[in-house]
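Sharing a structure, written as structure tokens. Questions coming.
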Amino acid sequence: MAEFLLGASGFVLATVAFGLARILWGPGDADRMMAAQLLGTGGVGALLLLGAATGEGGAVDVALTLALLAAFASVAFFKSASEARADEAADRG
Amino acid sequence: MSLADLFTVVAVSAGAVFFLAGTVGLLRFPDALTRLHALTKADNLGLGLVVLGLLPRVDGVLGGLKLVAIWLLALLAGAAVSQLIARAARSPGPRG
Amino acid sequence: MTDAATLFGLCAAALVGIGVYALIVNPQPLRKIVAFNVVGNGVFVLFGAIAHRGAGAGWGGDPVPQALLITGLVVAFSATALAVTLLLRLFEEAGSATLAPDAPAPAKPDTSDG
Amino acid sequence: MTEALNVGLALVILALALWTVVARDTFAAVVGFVAYGLLLTLVWVQLRGIDVALTEAALGSGLTGALLIRAAARLRKTESAARAERPGVLTRIVALLAAGCVTAALAVAVLALPDPAPTLAPETADNLAATGVGNPITAVLLAFRAMDTMLEAIVVLFALVGVWSLAPDRAWGGRPGPLQRADPDGILAYLARALPPVGLVVGVYIFWIGADLPGGKFQGATILAAMWLLAVMAGLADAPPVSRTWLRLALVGGPVVFIAVGVAGAAYAGAFLAYPDGLAKPLIKVIEWALLPSLAVTLALILAGVPERTST
């Protein structure tokens, strides 16, 4: 069973890692943030599977922290994107 | 293999397939909004199924609560972030 | 085959190298800050690998280096945050964010605040 | 199986680190760095450092990610000017050689590490009972190497002093950061209402279990700081003017209690930061409870930034 969970963890991780190609290609900032978001969710899933496979109980707490702060970077992105737009609008007068 | 183990295998495998689907959508769909669609559906379901599969294996109520809380947090974050990203992607500007 | 400590130790060595290269080559200050963090992470992972090798007494790693790592991460964050704030202030004040000595700073009429 | 997972993890991390170097666009490089920080959390779990993994998850990928993404978005205008500054081929070759030498030296050192590895784990285990806590890392942080932790709390405070000292004269003592416009019905406001109560519980939980299980004040304080910043970014709360007395007291409270316990140790137990027999656990708890709010406020204000708006 541990082998299966470990394998599933690796599979999920490998899958979302391929999704990181979107960070490379873009083209927009939004696409890049999406890839990071997918990696966040996938990372939480992989972490849970890893913790279950190795019997490391603390892994769940790490996953909880990650899930709690998952939105944080994206919110910062959205705020600065809208600030930048407001600046541009102000520059144009 | 016990019934609980079988349940874990089936649910976790299904979750992994959803993660795969989400990634394929993120890589293959033509524009930001369709990619977002693929992403949010797939990663919420994927994580949900993984959590579901692991539930029979936790010891104690607290462990189960934490697992469910992780999924609910991911749902909330996913819903909020996809709206924010969609708004950023749709608004006019040199970079979407 | 290699164990986790050796594998991630070697990975850490490569991270430090990548960070050093980026620190020298990238002209933008923000990129240098990121590069400095890559170097720092490399050092931390190396230290973590050493902690993992010292596993004993039923724990997965030597708790002394692990505790020092937590201290290190917090201090690294503080330093990064200070550096980024300094950079943003420079940009606000000078209208550019460059380390070049004679950069053509865009002319800024008298709006300085003393 | 574990090995395949580890090798894959190491390769993805190296690829992302390379991406932060070669990416043309700074924003793209920074997003790569955020993903890289997330994967480092998995590395810490694989190296059996759950306490470190928690810190990395909260600080490394959470707060640092937001900090760098915000800076990259704000500095976007400088991008084209900076591209003209790219160094010549000679510099690149020298840099490559330097990086190669550093990597090779470290790799040799890793392969030549002594076997069996030197460890302080048995000593920690022998003396753990005297501290009364069950998590060896908390024991190291607050008993065996308490001096480090005290100085660290002060360093974080100094970083905040450094941030504040960058304030323009007219804004000194004012509120940090730009004024956030709230959209009370927007999704951001919804998130900032729904998440902080959960975050408060999780942050205090992580802090609470730190005595016996992985967790502790740094991780808890980071989560609390992040929740407050979320409310500020959504416009639901505003950062207080930095000249407020209660704010200053909250900032220095933790370090002051820590130093006071240290001085008391010098008077009653024979050494600075020594705990009298039997009092170790209560004193550790006093320090932890005093540090949690101070660290949370300090970390939050470091991220909130330079005072920009004069208080009215």
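To keep things simple, chains are lettered A, B, C and D as they appear, and every chain counts its residues starting from 1.
Heads up, the rule we're going with is that a contact is a pair of C-beta atoms (placed from the backbone, for glycine too) under 8 Å apart; a residue touches a chain by one contact, two chains touch by 3 or more.
Fair warning: this is a prediction, and the values are worked out from it, not measured in the lab.
Annotation: C-D is the more contact-rich of the chain pairs A-D and C-D, by number of C-beta pairs in contact. If you average the CA atoms of subunit A and of subunit D, the two centres end up 19 Å from each other. Work out the mean CA point of subunit C and of subunit D, and you get 12 Å between them.
Chain geometry summary: the mean Cα position of subunit B and that of subunit D are 27 Å apart. Chain contacts: subunit A has residues 29, 33, 35, 40, 56-57, 61, 64, 68, 71, 75, 77-78, 81 touching two or more partner chains. For subunit D, the set of residues touching two or more other chains reads 2, 46, 48, 51, 63, 67, 74, 188, 191, 195, 198, 202.
Residue positions 60 of subunit C are each in touch with at least two other chains.
Per the contact rule defined earlier, chains pair up in contact as A-B, A-D, B-D, C-D. Residues 5, 8-9, 12-13, 15-16, 19-20, 22-23, 26-27, 32, 35-36, 39, 43-44, 46-47, 50-51, 54, 57, 63, 66-67, 69-70, 73-74, 76-78, 80-82, 84-89, 91, 93, 95-96 of subunit B touch subunit A in their complex. Remark: subunit D residues 1-2, 4-5, 8-9, 12, 16, 19, 23, 25, 27-28, 31-32, 34-35, 38-39, 41-42, 45-46, 48, 50-51, 53-54, 57-58, 61-63, 65-67, 69-70, 73-74, 76, 178, 180, 188, 191, 195, 198-199, 202, 206, 209, 213-215, 219, 223, 226, 229-230, 233-234 touch subunit A in the complex.
Note for the complex: subunit B touches subunit D at residues 69, 73, 76-77, 79-80, 83-84.
Contact residues on subunit D toward subunit C in their complex (touch as defined above): 2-3, 6-7, 10, 13-14, 17-18, 20-21, 26, 29-30, 33, 36-37, 40, 43-44, 46-49, 51-52, 55-56, 59-60, 63-64, 67-68, 71-72, 74-75, 78, 81-82, 85-87, 91-92, 94-96, 98-100, 102-104, 106-107, 109-111, 113, 117-122, 124-125, 136-137, 139-141, 144-145, 148-149, 152, 155-156, 158-159, 162-163, 166, 168-171, 216, 218, 299, 302-303, 305-306. Per the touch definition, subunit A reaches subunit D in the complex via residues 3, 6-7, 9-10, 13-14, 17, 20, 23-24, 26, 29, 32-33, 35-36, 39-40, 43, 46-47, 50-51, 56-59, 61-62, 64-66, 68-69, 71-73, 75-81, 83-84.
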